[in-house]
């Protein structure tokens, strides 16, 4: 089982390393990820949401629905722990 | 070659970290170690995403005075995505710990081999 | 743009989501209310899903921009015929299954009802969120909601449940993380997370290795989540040990929704020509699926426990769906779509029957069912219809999806797959007729005889109506789906095919 | 699992530390628009301050101060604030979570959006705080629950 686990991990790592070749360099300001969607978040954050912190404006406004899902995940975890470890009225 | 190794070192680190976590999940027989492996695995992915967001010459994504130019700030989107992923990882760990407590209550052990032995 | 029809797109998620926050609050005062709130929320979602399907079919694809932001920047809900169809399927089955779960939950988990239904409703929300979204990362968030709730629900089952659930947590997290890695790999080369936008940006990048690896991780991740053959190890234990109401809910829906993710990624994010022919992935998938069909059927044959047998049968049925996708032609894909719906109905019906048997007799061993039909004639009647449909006897739904899959295999000129489908039908017949035989005829195993006689001796004692009616409706649904399959195919599913088919 | 431990230093330091921790948590929440921070970070800090109290004073003290029931109500309330803000926009005729349509007496639309963000951050704060404590209490009091 250990050897099997090791081989599977190596295989996955190999696959990932195979993909590295075509990736942009670290910190490349012209990588596609920096050019396609995010410029609007950076340039329009004050204009559109009056919030200087871009992480907050993206988190809560542009992609606010993800955050609702994420808070629901937290609620799920809490209720799930209670469901597993406690009875209803305790 | 050196560009492949050094210019992209962030990806190498994350791959190695991910393999460590993955091996712990697949190979270890202790359930808590598996859980720790799962955490390492998720952390590796978080590291990968955060390293996407970096721009050389960029500062942290809080707007300062003056005109805003995209090249001056690092990419905020991966940070947002990873806040979600961190929360998911915390939640999964919480549920997994609760399940481990249930397992402990039934079998008084967290070693997979011992549990399987006591089931048979 | 802002018509009530379009707002149904968000209400389908919002109603169950907000109701699930309300259940714990109401539950402190009125503990019995949890079930009714959950049922009402799922019912409202069902109504919305029908409105959406109708709107999609008459007016074309619906786009809903959450927060009013346009797609590549904000999150978008897209309802096309495939979504609408999946939404209706998930909603209708959830509604019927929830209706049937009342008495069983009361009996198996009397002191956990409130939180149980909270989590239950969140699971439904997660599944629906996966179905309606048009954004790969949003899909991941809802995937995690659905997975976390499923882990918790499985863990409250009987003796082996926590261990089964822990294995599922480990496997499921690997699957979800692989999906997330796939998203990250696509993000690094395109910078976008929106499915429609990705579909536009990706074709010039098809030579890139990153895209190839992203596709591979998407496929492995979803394959783990839906229990495709070599990665199915978590599935039988999880379905067997979960509380019966939970396995009735998870077994028909979870794996089907994951299959939907697979189809969405392969045909909407990537182009079919790329995702089927690049490695050649279509061939690999269909051979794996053929192996899954055979192995699942054979393993099911070896089981004595009814729920475990059904779980292995699920492994084999997932094989059918993936086979249809992997064949990559019109008939095969139509068969896969139809099988998603049909199999969801069949599995819901069969697991609901298993739940009813557990409720009345406390048994799941198929050799201890001796003449149970005298006691519960309608339930066993539903079991027979479900079993016939699994085998693929003509008027039932199962026949038609297999028919389309066989047509697809013939179109692909692959006679081996035709043989696999036929052999597996034979194996299905073997293991299901074993159950039917035991349910209708005398017990033959000596040492169990007395116990069996006490079961028989009871008067006719059907399960409560709240459980019986959904079971009968599900069984009737199987027959109706069989009779009207032509309508479904020509009215909905042909529009759900990806372009180029 | 966690019992009360008579140690004056720990108790005194915790008593001094906790108010500042909570104040800082609220600062992180309210200052999320202008610096790194926001509902999650603040909520986790708030939860951590309570967990510190449990560690220093034992579970009994914690149970006296806050119950699972209250926490569940807080969590659900937080999520109601979040989804309710979105639903409010829905009622005003805009799309879900479109804060620009919120009926606030501010003329400037981006300002309304900023206030909408603040409102949902408060919801997230309440939810995360309550659930963090909830998970901790559920897991920590497992043994005592078992005996009763």
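Going by the order they are written in, the chains are A, B, C and D; count residues from 1 in each one.
The rule we apply is simple: a contact is a pair of C-beta atoms (placed from the backbone, for glycine too) under 8 Å apart; a residue touches a chain by one contact, two chains touch by 3 or more.
Everything numeric here is computed off the predicted structure, so don't read it as measured data.
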Between B-C and A-C, the pair with more C-beta contacts: A-C
Core chain by centroid distance, with centroids computed from Cα atoms only: C
Geometric centre distance via CA averages, subunit C-subunit B, whole Å: 29
Centre distance in Å when subunit C and subunit D are each reduced to the mean of their C-alpha atoms: 36
Centre distance in Å when subunit A and subunit B are each reduced to the mean of their C-alpha atoms: 10
Junction residues of subunit B - those touching two or more other chains: 22, 25, 52, 62, 78, 81, 83-84, 87-88, 91-92, 94-95, 97-99, 101-102
Residue numbers of subunit A (touch at least two other chains): 16, 21, 23, 31, 33-35, 37-38, 41, 46, 52-53, 55, 59, 61, 63-82, 84-85
Sites on subunit D at which at least two other chains make contact: 34-36, 72, 76, 79, 83, 86, 96-97, 99, 135, 138-139, 142
Topology of the chain contact graph, where touching chains are joined (line, ring, star, complete, other): complete
Complex interface listing, subunit C residues touching subunit B: 137, 141, 144, 148, 151-152, 155, 159-160, 162-163, 165-166, 169-170, 173-174, 177, 180-181, 184, 187-188
Partner subunit D, residues of subunit B touching it in the complex: 60, 62, 83, 87, 94, 97-98, 101, 105
Interface residues, subunit D side, partner subunit A - complex: 32-39, 68, 72, 75-76, 78-79, 82-83, 86, 96-97, 99, 108, 110-111, 113-114, 116-117, 120-121, 123-124, 127-128, 130-131, 134-135, 138-139, 142, 145
Touch list for subunit B against partner subunit C, complex: 22, 25, 31, 34, 38, 41-42, 45, 48-49, 52, 78, 81, 84-85, 88, 91-92, 95-96, 98-100, 102-103, 106, 115, 119
Residue numbers on subunit D that touch subunit C, as the complex places them: 69, 72-73, 76, 79-80, 83, 86-87, 90, 93-101
